[in-house]
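Written out below as structure tokens is the structure these notes cover.
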């Protein structure tokens, strides 16, 4: 067993140990034991993933594990990349859980939740390692079930949790059914369920079969990734679950949907047709624009972060779609660049989303509310959380010198240089893709300014926010680890480019788009005279700020004075006069009024004496998820109608039920004879 | 097009400036750049009209480095008009304290100087120097725009 | 490429733009005053204001945190970096680092710092200014990116100095339909980004009509000096980009002293002409109602999208 195998065995062992600890350790030490062991398991997984991404091979065969088909596992650079991402997020979540789960044995600290946490992480690590269809499906379903139960952790405190879990369960299982049908159809058409077998047989299958299979797989994988319009579970589940679970789901689990799409679309089905990647790119564009618009007007902090995940998944899908389009148009170098941008963005998003969700969890735990309109003033009461959250927000807003900026730069470069003979489709699609990325970036900046500015700065707008205290050191350490990952990816992305090049090689996009002539400090694109210096950008901005501040201070010499905020002379300003998140986003909501269609309710109660005098006025505004209402509203209503009608089938008559059994038996016999 | 022809026809409306007033020693650190925030501490608006005229194209105090600003935080001097009424006393004090140092107070008009016709009224606290320290008085009811411009020239020494 | 020479050029260029920026504001104000029949201040007046403000005492509201204090240096630092890196005097940049995505990103970072400071004050005006400024920035950033992309497509690089150098060597490239559309879009985006009429009135006293000014109502003394200087510098940078991207004659193509001197003089001249045009334009236009500003910005976005499409579709052979 080579180094990768050893690392994975250690990871599996630690995860099992963590699960056992959850059952046996008393409530005081449970969180420490489980959190610590899970973090170590994640670290081992990351080590294995990194080695795999750098080219080390490993495989394992367990023919007796599942009857008839057996399980096969193996690692290649693509799996290694995603395994490393999952492992790193697990480390952050594990360390964070030590403080977050608390010592009272309830909620996240209960036996069940802490038992499921390492299993969820282990299942997530299994998925990229699968090298046959049954292994993938086993890992996938294990991941879905454990995450569903973890979403339900707080169901006793909050009735909304049950609704969230229902949506999650239904959509995940619908996706799983699509995956099942798609992969089984593919396996039966190709004559085997091993990835090695499918890789050989896949490109030889007919266009119709592969097309339908691809659409089913897109439904399953993009649904898990949270792409619009398969997204309604995402804002609910991520908002209602405990924050360490939200971090794991948003930073790691949705990437596995991307992994599945890449594995099947590029690797096993051999790249496919142009229209496949057009569909993926269109899904990406829709997710990016709709996700960020909903995030910009969201009032709930975690719902905002969840829609932002949808947006980033949209950007990743856009990159993947363009990679496929470039590959089909005979431009492998541009395709490789787009794929590298997408894969790097997957890692960057995992880093900053883990940081943001753990930060949000810190805030919610300290104040008891997720409502941005009621937060505020946390910069003085929770300075470490504010600082780390601000770093995450900088990265998520894709501003230099953050890591989100680097992958967005790469994505834009990929779409900007298709070349003169790229064909009509790409000539029209590339500028539209650039416009989508640019528009999303602009609104994304506004979203995160809203989150940091109204949620964390100025005066607290409720007594809950006023009473906040800083989180325990273990939670801050988890956040700090995620910050370190963001900083490393921001400043030295060239360290991961070899792994990225190998991963894109696995996908059949072997151009070598990133030039190496600039050394370790710059990213450059071959064939275009463009360069990015992430480290110098950070040094210039940080150093420049310090230098300007010191020089101004030296020249100015006047000392700073604390003074009451200027309130136009009348009484002192209260917290009620501050801008809330809803008011901050109001101009944007007004601009996108047709897309968002807010629902407004005005309740006027008049005074008893006269109908002209108003006693009380209540104004309520809700911004619904229009895609969900338009798409799922009729669907749910239709299913309910079908269910009502089908009640007539079960009328209690034993004879009728026996008749059903007979008919089913006859149908199976006929099908067996015929097939 | 009509606007262009009107601009060409009207030309410049600026009158030659009156001689500069006495230079104010407290204004020396400002070195020729004074931003002014106006506070109406209960005036009849007569002085406001004259101050507005002082900044109009005819008298144009902006030639001498004086500008009106929106916030006392951005200001070097506040011009105060009117006898300080009971309702405006606290606001005037807050405005003065909001100014960064060095900050000057210019009392414009007779009401600001000694309450003018409103001396002893029930709603009046007193002249401006009872509420905030005054650096310069501009007498008159109302003072002429030329007097105001001359006094402002004394501030900027230009 | 002689790195020492390009670094010296960058430092010199930064100093030149930092010194010229307040004079440009003076030019704009002077032209506007003359057209309105007033005398107006001298050209040196913005410099006098800055010098006095630097010596004055800065104040901070009690609820403010490091965000409030750090925003003016961040704003000025990012503006200085862009001033040093951009292709203003010569069509080269330090380490070829004037990538237009980076330039737009750095300018946006400065805006974000100021918006967070506005929210940090805890006043209603600060939040109002931040909210309005961010929606304008959100709608302007795509336009800035796309109009610069329209120019980069023909050149095959997003590096601004490469685009300017291509414009200098082949002026016919500059006068294309895509460039014309991009120029109009970029001009509107410049007006929005620098808070000038018709998007925002920089000299208004009515807080409810303010966008940029409302964010800085709480700043005084040294902080205000840095903010005002940075605002003037950003105006200079954007006018300079407009000038060099669409009127690229006179830009130095080598690092010899004479071309650099000519480049600097021509650049300052172009800036003065554009600033005078800006001042004159402000006499004839009024500020738009805030609810109409998104329509204007959406129009400029569509123009820039058309520019990019035109550039892609009409692109001839691309020189690597």
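Just so it is clear, A, B and C label the chains in written order, and each chain counts residues from 1 on its own.
The working rule: a contact is a pair of C-beta atoms (placed from the backbone, for glycine too) under 8 Å apart; a residue touches a chain by one contact, two chains touch by 3 or more.
Remember, it's a predicted structure, so these values are computed and weren't measured experimentally.
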Maximum inter-chain contact count - chain pair: A-C
Most distant chain from chain A by Cα centroid: B
Between chain B and chain A, distance of the C-alpha-averaged centres to the nearest whole Å: 59
Euclidean distance of C-alpha centroids - chain A vs chain C, Å: 36
Where chain B touches two or more other chains at once, by residue number: 71, 73, 98, 100-101
Sites on chain C at which at least two other chains make contact: 55-59, 217-218, 221
Chain A, residues touching no fewer than two other chains: 558, 561, 563-564, 566-567
Partner chain A, residues of chain C touching it in the complex: 54-63, 65-67, 69-70, 72-74, 76-78, 80-81, 95-97, 99, 101-102, 105-106, 108-109, 112, 115-116, 118-124, 126-128, 130-132, 134-135, 137-142, 145-146, 149, 152-153, 156-159, 162, 217-218, 221-222, 225-226, 290-291, 294, 301, 305, 308-309, 312-313, 315-318, 320
Complex contacts: residues of chain B adjacent to chain A: 39, 71-73, 88, 90-92, 94-95, 97-98, 100-101
Chain A to chain C touching residues, read off their complex: 377, 379-380, 383, 386, 397-400, 405, 408-409, 412-413, 416-420, 427-428, 430-431, 434-435, 438-439, 441-443, 445-446, 449-450, 452-454, 457-459, 522, 527-533, 536-537, 540-541, 544-549, 552-553, 555-567, 573, 575, 577-579, 583-588, 590-591
Footprint of chain B on chain A - complex, ascending: 558, 561, 563-564, 566-570
Partner chain C, residues of chain B touching it in the complex: 3, 7, 10-14, 29-33, 35, 57, 60, 62-63, 65, 67-71, 73-74, 76, 98-102
